[in-house]
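Per-chain numbering from 1; labels A, B and C assigned in written order.
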């Protein structure tokens, strides 16, 4: 019965997102597009954090790597969106494959710190290597996807539907993944790595594979974001972005798929309200980080599932 | 083929020698208890056998294969199962999910990403059979975290059985159980398939003699005595090292 | 040749500055498992407070003392009031310190403005010391001296005092430490405050040659983290060695390959991580 209720809510939300361009101004549609993009980003992080127990503070590395690849190929080589897409996602996968080799050997706070440092490596490169990345100025003119006819999705509605389609596709794929034997094994790893090893699971292999998968999905989000804004900058690789997506996962509720999506919605909307209304918005955001930790260990989803919730923060 | 053969095993941590010249061999289906005072090195021995720790000297053969260099999960795949003194289960998963993980561990489908785990009917059936055979059917949808300690200790053992091991290491299965719960668990152990070789760390001597046919006594990292249960019970040296340790030879533990 | 000697010297002096931060960060991480993202904030807060106090009193010493004291107090309050409640929950603590990072970054811009400020060196430390044909800026010599002095003091503290023994015990095994009666909550707050104070000292000392500006917190935090990763958690010796290493690498990088500057630091870090994930002197 509860399942039906949740499914109905989800369907209603998707429907709402689909008709939004009809009802809302392009500003608000844009906000919703950002929510969708960040929801994809947050779900990918939750694969690592909520399902496998790997707390990454460097997830923006993959988001940004894909974004930069798209931007660079478009700006320097005149490559279109679709041709650049596999390269961009490939870059994210490569970064994931490389970083995972280094980070997976440690756990807990140490993993946190190393992923943070690795993420900042890419940030530093983007920031300092002006010749390649334009440094702080970033890269402009990132193209929108083009339809079969050749027209680009230049309006707010077009890119919104595109993001929605990707969100639904990714959501479905992840939904199957977390229910698969692989997904069950991830949850086992989060519960007890030693027991999983003793049962016969090659825990390292699982952690590695999920890291690459999460990097790919994050890369997809990065491509969407760059295309939506038309712009890539080092901020897309920074710890601020990594921490923001982490907060989204925790606000919404780790260990679920709906949680990160809800969290993305909450944080994007909150940030847009706060940054336009309040001068000291950075302090407000900092306070939000603190309040979230102190007040809701289980996130939004945890509030609804009070019986079942051990928050990722606890 | 012997499931376990340990020859001249030693393990030291820096200057501390925990195991010294340990030799032990199990026949298929043998039930052996490993007893000895605290600090004798019993759990360390388990850790070396299962591959968590590497030996400083000596060799281990599992099912005829030299285990040197084999990581933990590979030893499991050979047929080794293990339980823990401190309950080591997947607390946020249901009992059914715990057992399904155990059943799935040796299957090629364990890496599948494209269909739900529950659609693997033969694996689900095996997990459900385990639930039924061991009296856990009613608890199947409960989170392990919500179970009583006694039931958790039962799941601890059943989980190790899930993949059908041929050698089972039980580390103090009775730890912290009430007398009634002990009866249940020792009954479980006696019900185990006769083909499974069992090495059991146990403090409760009555249980040890009840369940095991042969005993190895470990003292300060060395094998003090070894043999049939009755012979060990009468061994003067064994009685001596246990003098003063409470409840060792009294009924009820 | 002269060029290289100067570069090495600059690298060493910057390394000593990093040590002031990394030592605290490493201790805090090793003892309490806290990834303190606010550590860079302690650094700039110390610098900003010093700027104001030096501006008001004209005394560098006063400014330094004020900066260190103020930040140690903030750190102490932060740990006791907020962080310690989440002991053992690393993710929660990281987000808390991140929130603090944001708040401090914003508040410092609010109070001191967004433009870079200068923290003037004390007059008697202007100029350089001549050794043969080389000219070593006196101020940088002071930085090295302070770094070494702090290293020695910390070493004595850790190895020769009961407090230090308690810290070592706590890093080794917290449960046991509590078991033998070491008051870990108070110990933790004290160490956190010490780390914060050292970071502030770094901010004050670093002010004159690194500068006091928004964003300095991020930059120095990152380098300090790299030092801790390379040196190993909770290891003072590791922090010292790695600080020198990173200081040299960063300086050489900035001088020789400005475009890839950070790379010269991160590449060795990645290499060391690949070979020894817990750092040069970390416990495996």
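Just so it is clear, a residue touches a chain if its C-beta (ideal position, glycine included) is under 8 Å from a C-beta of that chain, and two chains touch if they have at least 3 such contacts.
Just so it is clear, the model here is predicted, and its values are computed rather than measured.
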Query raised in the report: Comparing centres built from CA atoms, which chain ends up most distant from chain B?
Result: C
Report task. Grab the C-alpha centre of each chain and report whichever is closest to the global C-alpha centre. Result -> A
Requested in this report: For the chain pair with the highest number of C-beta contact pairs, give its two chain identifiers.
Outcome: A-C
Report summary line: When centres are defined as mean Cα positions, the distance from chain A to chain C in whole Å is 32
Query raised in the report: Where the CA atoms of chain B average out and where those of chain C average out, how many Å apart are those spots?
Result: 48
Report task. Please work out the Cα centroid separation of chain A and chain B, and write it as a whole number of Å. Result -> 42
Query raised in the report: Can you list the chain B residues in contact with two or more other chains?
Result: none
Query raised in the report: Which of the residues in chain A end up touching chain B in this complex?
Result: 176-177, 179-185, 187-188, 190-192, 194-203, 209, 255, 308, 310
Query raised in the report: For chain B, which residues count as touching chain A in their complex?
Result: 50, 52, 71-73, 76-77, 81-82, 84, 88-93, 97, 100-102, 104-107, 109-118, 120, 143, 145, 159-160, 162-163
Report summary line: Listed in rising order, chain C residues that touch chain A in their complex are 29, 33-35, 37, 82, 86, 89-92, 94-96, 98-103, 105-107, 110, 218, 222, 225-226, 228-229, 233, 258-263, 266, 269-270, 273-274, 277-278
Query raised in the report: Which positions of chain A touch chain C when the two form their complex?
Result: 55, 57, 101-102, 105-106, 108-110, 112-114, 116-118, 120-121, 124-125, 127-131, 239, 243, 246-247, 250, 280, 282-283, 285-290, 292-294, 297, 312-314
